Every structure is written in structure tokens, then in C-alpha cells.
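What follows is a set of structures for review.
Heads up, the next two complexes both have subunit A, just with different partners, subunit B and then subunit C.
Moving on, here comes the complex of A and B:
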């Protein structure tokens, strides 16, 4: 087997702060290499450094050898010549990586035309074949805005690999996809492996398992453990690797609270329908949420989960249907927990002041705050800091505390852990479910991860389903 | 598409009625005797006397109650009759259409100059964002935009007409007379639009889909042509439409400065002479240009953005 890509002591630093410790690896023909680790572990930087796409204050050191040539020394213009031809990269957020104004088939055809040198009709023909090969024949003329997350990722895969590069680098390629769509992407990567080699960066254990090959486990920019996929996943040696594997929802214990007696409904929905951007999000939606009930809402990104939440909370009008809330309940007791914790707190103001303002505004009992923080395993000292000075997991727990302080009847939690690393995510979800149950607060838990919902919810509502 | 046009047509009708009414009311509120002012406009201030102004009053029916005159105007408007000029006695529609042609000539020339200037400047600044050219063009654009348009016009007159004697000072007699007023307007327009173009292009170049296009293997030029131009054009077209409309106010000033026989110039004279039908027609013409521009922008955005077409 010939070595396609050799990385020697590659490190990334920004203004003398090392973000990625020196790392060496080699990628041979027909090999799959998976880098496993939580967000912020420097995995994405590795891919960007290999491509030569590091944003400006970041600098790479070490050597990246492609067919024996150190491409790290190439001028940017020459290095760009390798893109698509030698090195292909699958984007992390396919929706953002696709031109919103260009039909799907054109975005692949242009690669055949301008990189492959085919004539326009031939390029379009090849593009259609590729799209049909990944089950997108019916969507060839659609715009990216009309594709689901899984479809967009498959389109991006076709576009990225149309240039014929033997080496495919994939940076979190399954982010935000549900299990079935995640498996489709993993299958595509296995196919790319047959034509060359694949380097995948992911925090998803299941993707790593399906790709097989070699796995490197990384934490805080350092290599923790490495080995063959089957062996490493079955018998992890390092404590961190074990925690990472345990954090995958399929290894969670079932933490669904026991179902009580008949619950009085806090929210009843009848025949709800909504379209957005000319696309039907859902119709004929029926749902009853009882007190303290935990209900999962699953579906791909972009299928209307967030819109549903805004409609249920009265922030967005529905196109039709009926929503009934419990009578004579203040509006602020139907609350939302946001996906991106930093976006939900005013920056630059101490968190304690934000809580004080809330307590003052609603004339709450201040004494409830301390036990609530304790229940969510939060140090009261965090309140002295501003939102940028605490971690994402802590901030999301503070957001939960802030919501529960208002004694809500219903909490719409919109992908509350998708921006958190898997170990933290598991902890936050468990605390959310437990503390809401203790307060008899119903939770509508939104996630693309069906496994997670099965382990935590009384029952699950699936949205969309139109691929 | 048709709903788009229908909406704009309705807007145009509403605009014609409201502008006509408003200018009528405003002219009534101006101090001074209307008949006297009109007579002065016809015969000159030196030749006007009480008898002349009374004759004008009787002839035009200015002694009727205001609401009767207003209703008469409204009834004429429904028949597409804008009336005759109170001063020259000629049909207003005829006079104004002359003026509008001149104004459009000036506006289109200025707009073309502005685009020819702003596009390369904006794009070059975007390709070297943060470089010396980008920063210089920012300073220049801020400086130009901070000047009232007539100051720029005067500066150009001083330089090119009086000093270099390249172009005539003012008036209208052939294409040479078009250059200075058009360039004055164009400078002001290009000052802002070059920055909008620069900003929009930088946004696109830094976007994830632009990066991805490069990663797919397309060159910078190919990526910019295939993905950059269309995405960057949307905000630029929308802005140029608004700016073109805004330039109409500048046109009133520039036309007066260069004695350009356009709507703005005509409007100013009509106000001095209390020539109400002329004022109404000139204001309506400006308003119609405004609505027409918006329609063009709508259609342009509709053609650029395929997403619009799939909306129900």
C-alpha cells in the first residue's frame, strides 16, 4: 500500500498559544483514518492545516507530505491547485457551503466542467449520474434551501469529490443529522475509501465504528489514544476514550422519569399546519402535553422543529389549527431553552445581575436560586462572571436554572445540547430532565438524535420525514 | 411576477393622487396672492398691476372656493388631463414630458457613470480588503458623501469650466453640457455605492460557499464569477434602486445649478410662479420615476434570485 498523505509533527498555534500539539499520521491507499474527540479538541484545525485553509492568525508548523512533496511550503496559489484534484474536503455545514442561488446539479456539474475539463452538456450528464447515485435524482434541479440536511450533505459530497481527488477529508460530516442520514453519509465515506483514502474528524462514535480503519482519539489538542477501530472501541484503554464512548446516547441508561397518573394538559394542539419559504413544514399535527411530561420532537435540521416551538410559544403565527394552553397562566411560564447558550445571555454583564433583574422583574423568591444552582451542579461563584467567561455546558445549565426559576409549565428545549461536546451533553440532558420533572414542568425536547430522545422521553413525535 | 407589477401600479395610482393633493394644499398654504404671482410669471414683475392680477383671477377661476378647484382638478385627473400651465397656457403634460426626458437623460448618464466608477473601485477594494486601496477609497467616499451635491458641482465648474475651460459652465446644447452635471451626481452616488459593492463582495468572498467552491477545485475567478457575482448582486441592486431614487433630490439641485432644463429645474420655477398644475405634474413625474425604479429593482431581484420564484 502506498502512502498517499504523510503528516509529520503538524501543530497549529495562534500568537504563540498552541492549539494543536504536534501530531503525526499517515494515510495509505484504501485506508480510513478517524479522529475522534470532543468539540474544541483541535480536530478541525488539523483538517484545515492539511488543506492550507487556516484563518489568518493561526499558523501551522511541521510537514504535510503529498506524494513525497511538502505542500506546506507551497505558495497559496499552487496549494489551491491541489484542491479538488488531490485533496477533497467535505464541509461541516453543507447548507452554508452550497450556493443558495444555484440548482443542485449545477453545483456538481461546474466541477466536472472547470476542473475536469468536460463540455457543459457532458458535465451536466455526469453530475446527474452522481446525484442519482446518492439518491438525489429527484432533487437535481432544486435549490439548496429546499433540501433537507441529509440531502445537502450528499450533494456536498458529490460536489467535493467530483474533481477526482483520491484523498477525502471530512470535518464533522454528520453534524445535525439523524441516525439514518448519518449512516448514509458514512456509507458515502466508505465508498470514497475504496477510491483512495478518507480522513474523518468526528465526535460521533457510531460514525467511527462504521468507517472502521484506524482511530486517533484527541483531547485538548493532544493525542490520547490510538488503535484499530474495532479493538479501540471495544476495549478503550484511556479513561477519556471510555467517557466519550459512554456519552453516545446508545450507551446511555434509560433516564425517562416514571410515568405518573393521568396528567392535566398544559398544551393541546389540534390540526396544526405551517409552511415556510413555499415548503410545507408540517400539517395535521396533533399533540397533547400533560404536566411534567417529557416529549421528544425529532427530525432533520431544517424540518421545522424550531418553527414549531415558536408557534407553540406564540412567537410565530401558524397557518392553521388550534393551540390551547392551560387557562389563566402567565405567558412567561411557557418558556424556551435555546440551542446556542452564548446567544441566550447578554454578553459583558455579570450573570448574577441578569439573574437579579429576572428576580426583580417577576418578584420571585430569591431563596430558590441557591438550591436550584446546587441541583444543577453549578458553583454560585459563576454568577460573578460574564457569559463569555464560563463554559458552554455551564452556560446551558445556567440557562436551565434561569428558566426553571420562573416555575414554567412547559419548556421548549430546542436542540439544547447540540453545541456541547458529548460528555457534557449527556450530563446536561440528564440534569434538565430530572430537575424539570421535580418541578412538574413539561419539556418538549427537540433533537435530531432519535436515540437520545428514546432514552429520555415518555414518547417521541417525528416531524417531517419527507426526504 | 404579475402580482409584483400590479402592486406597483396600485402604488403609482395612490402616489399620483397623494402627491397631487399634497402639492395643491401646500401651494394654498404659501403666503402671497396666487393671482398676483401668476400674473407676475406671465408678464414680469415690472408690468404687473392690480387689473392684470384680477384678470388672471377671473380667467383661471381662482375666486372659486378651494374645494371646488380641487374637485375640478381631480375630475380632470381621472380623464388623464393634467390641465394647462397657468403661466404659459400650454398643456402641462406636454411641457412636463419634455422636462422628464431631459431629467432621465441626465439621471441615466449619471447612473451609468456612477456604476462604471463604483463597480471597479468597489470590487478592487473587496479583492484587497483591508489594503491601502480599500482604506483610501473609504476615506474618499466618506469625504465625497459629506459634501452637498451642489458643492461638488461648483468645484467641478471651477476646475473644468473656468480653469481648464474644457466644458461649458451651464445650459443645454449638446452632449458636452451633460458631462459636468452627470459627473457631479455620479460622484455622490458612486461614493456610497462603491462601499456597498465592496461590502457585499467581501461578504461573499468570505462566505462558506465561496470557500467550498475553491475547495471543489474552482479558481478564484471562476468561483467569483459563478457564485460571487449573483449572490453579491442582490443587496447591491436593491441599494442602487434606493440610491437612484435618492439621487432625484440631488437632481433638483444639480439642474438648478447647471440650468439643466429638467423636471427639477421646472419644478423650482413653477413654485416661484405658483403654477399649481405644473407643480403637480412635475412632482408626479418625479414620483412616477420613483415607482418605476422600484418596479425595475423588484424585477431585477426577481430575475437574479431563483428563490423568489418558488414562493407561493
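Moving on, here comes the complex of A and C:
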């Protein structure tokens, strides 16, 4: 086997602060290398340094050898010529990498035409073959905005690999995808491995397991542990690796709160139906949510989980059916947690002032805040910062605190941890379930991860007909 | 890495210093020098710079220092008035149209399209020709052109913010519309509005000078930059330094405001 890519003592620093400690690795033909670690571990920096895409204040040191040539010394223009032909990168958020105004097949055909040098009809033909190969034949003429997350990721994969590059670098390719879509992307990466080599950056243990090959575990820009996939995942030596593997919902202990006796209902739903864009999302939906009950809502992306939440909270009209709330309860006691924590706070304003606004508005007891923050393991000093200066996990816990301050009866949590890394996600979910139960607040927990719901909820409602 | 002071970039800081210097010049002249910009001394045309007349005199022997300062005062006052008026109207309409949407939004957007269909200077000319030489008409005309930009930008930002999860979250927590405007919307629009204001001020200074130059703006003997240029133009051969003064003043005003508005990033 020939060595395709050799990285020697590659490090990344910004103004003398080392973000990625010197790291060496090599990638041979037919090999898969997976870099495992949480957000901020420097995984993406490594991929950007190999591609030559580091933003300007960051500097890479060390050598990146492609077929024996040190590409780190190349001029940017020459280096860019390698993209697509030698090195392909699968981006983290496909939406940002696709042209929103160009039909799917055109985006791939463009690569065949301008990188591969084919004629326009040939390029289109090859593009259609590729899209059919990943199950997108029916979506060839759609715009990216009309594709689901999984479809967009497959399209981005086709566009990235159409240049014929033997080395594929994938940066968190399964972020925000549900289990079945995630497995599809992993299958695509396995296929790319047969044609060359794949370097994947992920925090998802399951993806690492499916890709096999060699695994490097990273934390805070440092290599923690490495080994063959099966061996490392079965018998992790380092404590951090163990924590990372344990954070996968498969390995969670069951944290479902004990089910109490008969509960008075806070929300009753009868025969609810809703269509959107000419597509039926759900019909004949029946559901009763009792006080303090934890109910999971699962389903593929785009199946209407978020719409259901908005309907239940009265933010979106239903097409038919009946929603009954507990009588004589203020509107602000039915609340929502958002998928992207920073999106739910006013930016640039200290969080403490936002909490003060809320306490002032509802004339709440200020003394309740401190124990609540403590319960959610939050440092009160965080309140002096603005929402952008707080980590995603902390901000989501602050959002939980903000909601619980109002003593809600129902909390609709819309994928509250899908943007957090696994160890943080596990902590946030556990704290959410425990603290809500203590206040006797019902939680509707939406997730694409069925395993997570099974470990936390009293029962699970599936939308879109998939159990 | 650019250095920052008062949250401004270096270029903006230069613009601020330039504008502040011009304001100081215009105000201090009024306080300390205080000569009548219209008083003639026909025996003394195009006098060179001297201790009593540091900028010389024009074709009628009028003090250029007094005339230039009066003209800068006039330009700054008009631009300030126009910016405040047009920004208030544009922002208020933009917020209402973006927040409420529906029929109100459609009516306001129709008004916007009508205003956009006419070239700005033509609209100002139209108002100016209704009552030639009237400061009020110029003010109304320029404001009627400038509000459009505020409306468009603020309406677009408001629509985005009003539909955002942060506003939805605040509404669900029980906060009213006024709170959402203060906490969520205002921080999002204040930056773009200030940028537009600086550009608007320079646009109104240019419009005033352009109208003066084609003799449909204010009437002589008012000291106005465009009018001064056209009056001094026939003498460019004899006294180029005098003609250069109003040109330089307009240039510095517009440069300062554009630097203040712009960012190199």
C-alpha cells in the first residue's frame, strides 16, 4: 500500500497560543482514519491545516506531504489546484457549501465540467449517475433549500468527490443527522475509502465504529489515545476516551424518572392534523401529557417535529383537531427550548440583565435564581457575560434555568442537545430531565436519536410512521 | 488587527476627527471672527491672505473666511436636519412595516416603490422648483429622498429579527412588543442606521451644493458652497485659490462623512 498523505509534526497556533499540538499521521491507500473528540479539540483545525484553509491569524507549522511533496510550502494558488483533484473536503454544514440558487444536478455537473474537463452534456450525464448512486435521482432538479439535511449532505458529498480526488477529508459529516441518515453518510465514506483514503473528523462514536480503520482521540489540541477502531472502542485505555464512549446514548444508564401515579393532564391533543407545502405532516394525532411526564418525540428530519411543537404551544395554527390545556394557566407557563442555544437569547446583552428583565416582568422571587443555577451546575459569574461569550452547553442550561424560573407546566425541548458535543449533551439532558421532574414540569423531548429518548422518557411518540 | 477607539475603526476615527475639525471651524468662526459674510468691499477684490483676512476675499471683497464658515454651517445644519427627519420617518415606518407586515406593509412598500421610481435629484429639483430659493423646500425634498434607504434596510432587518427564535422566546416568556423592539430589534438596527445616517448626511450636502451650482438652490447673497463655486468659477484664472476653497470644503465634508460611515472590513 502506498502512502497517500503524510503529516509530520503539524501544529496550529494563533499569536503564540498553540491550538493544536504537533501531530503526525499517515494515510495509505484504502485506509480510513477517524479523529474523535469533542468540540474545541482542534479536530477541524487539523483538516483545515491539511487543506490549507486556515483563517489568517492562525498559522500551521510542520509538513504535509502529498505523494512525497510538501504542499505546505506551495503558493496558495498552486495549493488550490489540488482541491478536488487530490484532496476533497466534505464540509460540516452542507447548506453553507452548496449554491442555494442552483439545481442539485448542476452543482455536481459543474465539478465534472470545470475540474474534470468534460463537455457539458457528459458532465450532466455523470452528475445524474452520481446522484442516482446516492439515492437522489428524484431530487436532481431541486434546489438545496428543498432538500432535507441528509439529502443535502449526500449532494455535497457528490459535489466534493466529483473531481476524482483520492483523499477525502470529512469534517463532522453527520452533524445533526438522525440515525438512518447518519448510516447512509457513513456508507458513502466507506465507499470513498475503496477509491482512495478517508480522513473523518467526528464526535460520533457510531460513525467511528462503522468506518473502522484507525482512530485518533483528541482533546484540547492534544492526542489522547490512538489505535485500531475495534480494539480502541472495546477497550479504551484513557479516561477521556471512556467518557466519550460512555456519552453515546447506547451506553447511558436509564435515567427515566420513576413514574408516579395518575397525573392530571396539562395538555390533551385529539385528532390533530397538519400539512405543510402540500405534504401531510401528521394526522389523527392523539396525545395526553400529564404533569411531570417526560415524553419523547422521534422521527426523521423534516417530519414535522418542530411544527408539532409550535402548534402545541400556539405559535402555529393546526389544520384541524383539538388542543386542550390545563384550565386557567398563564400562557407563559408553556415554554420551549431551542435547538441552537445562542439563537434564543438577545445577543450583546449581559445574560444577567435578561434574567433581571424576566424577574421584573413577572415579579418573581429573585432568591430562587441562585439555587436554580446551582442545581444546573452553573457558575453565577456567567450572568455577567453575553450569550456569545458562553459555551453552547452552558447557554442551553441557562435557557433551562430561564424556563424553570417561570415554573412551567410544559417544556417543549426541540432537539436541545443536537448541537452540543456528546459529553456535554449527556449532562444537559440529565439535568433537564431531573430538574424538570423536581418541579413537576412535563417535558416533550424531541430528538432524532431514538436511543437517547428510550433512556430518558416515559414513553415515545413517533412521527412519520417510523418506530 | 485594527486598533479601536470608541468602538470605531481607524478610518472611521479619521472621519470623525475631520468632521469635528470642520464643525469647530464653522462654530469658532461665528464666535470669534464674526464678520458679515455678505458685507462687500468693492475696493478690495481677491485680496490675498492676510492677518485680518486669513483666507482672502472674493470678487466683491467679501471675507472668504466668514463666507466659508457660514456655508459649512449651513451645509451641516441642513444635513443634520435632513438626516434626523428622514431617519426618524424611515426607521419608524420600517419597524412598523417589518413587524406588522400584512396590508400596512404593502401600502408602505407601494409608497417606497413610487419614491424609488423617481431619481433622487429629480425629486429634489421638483421640490426646489416649487419655491425657488426656499431652504424649507430643499429640506423637505432631500428628506423625501433619504428616508427610502432607512425604510428598506430597517424593514428587512425587522422582518428577520421578528421571525427569529430569540424574539419568539421572549414573547413566550411573556414580554411585550416594546421590550422586543428595545432588546432585540434596536441593537440589530442601530449600527446600519448610523452608517446610513453618515452616508445620508454626505448625500444631502452634495445635493445642496449641486442645486446651488446649477442655480436652482438657494439665492445669492447666501453663502452656500455650490453657489460660491459657480459664482467664483469665472475668475478661476485670476484667483484659483479662492475657487479652490468651497471645493475643498465640500470635498472634506463628504470625505469625512464617508470615512465615518465606511469600514475597511
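In this text, the second predicted complex is superposed on the first by the 390 of 467 C-alpha atoms of A that agree within 3 Å, B and C clash if a C-alpha of one lies under 4 Å from a C-alpha of the other, contacts with A are read in each partner's own complex, and residues count from 1 in each chain.
Note that a contact is a pair of C-beta atoms (placed from the backbone, for glycine too) under 8 Å apart; a residue touches a chain by one contact, two chains touch by 3 or more.
As the structure is a computational prediction, the values presented were derived from the model and not from experiment.
A.B. asks: Pick one for A:315: touches subunit B only (first), subunit C only (second), both, or neither.
C.D. replies: Only subunit C; A:315 stays clear of subunit B.
A.B. asks: With both complexes overlaid on chain A, does A:406 touch subunit B (first), subunit C (second), both or neither?
C.D. replies: second
A.B. asks: Quick check on the superposed pair: does A:101 touch subunit B, subunit C, both, or neither? Answer first, second, both or neither.
C.D. replies: Only subunit B; A:101 stays clear of subunit C.
A.B. asks: Can A:347 be said to touch subunit B (first), subunit C (second), both, or neither?
C.D. replies: Second partner only.
A.B. asks: First (subunit B), second (subunit C), both or neither: which does A:338 touch?
C.D. replies: second
A.B. asks: Could you look at A:358 and tell me whether it touches subunit B, subunit C, both or neither (first, second, both, neither)?
C.D. replies: second
A.B. asks: On the superposed three-chain arrangement, identify whether subunit B or subunit C touches more subunit A residues.
C.D. replies: B
A.B. asks: Between subunit B (first) and subunit C (second), which does A:110 come into contact with in this model arrangement: first, second, both, or neither?
C.D. replies: first
A.B. asks: Subunit B touches which residues of subunit A in the complex?
C.D. replies: 51, 53, 80, 83-85, 88-89, 91, 93, 96-103, 110-111, 114-115, 143, 145-146, 156, 159-160, 162-163, 165, 275, 277-278
A.B. asks: Considering the complex alone, what residue numbers of subunit B touch subunit A?
C.D. replies: Listed in rising order, the residues are 207-209, 211-220, 222, 226-227, 230-231, 304-307, 310-312.
A.B. asks: Considering the complex alone, what residue numbers of subunit A touch subunit C?
C.D. replies: Touch list, subunit A to subunit C: 313, 315, 330-332, 334-336, 338, 340, 343-349, 354, 357-358, 361-362, 402, 406.
A.B. asks: What residues of subunit C sit close enough to touch subunit A in their complex?
C.D. replies: 164-166, 168-170, 172-175, 179, 183-184, 187
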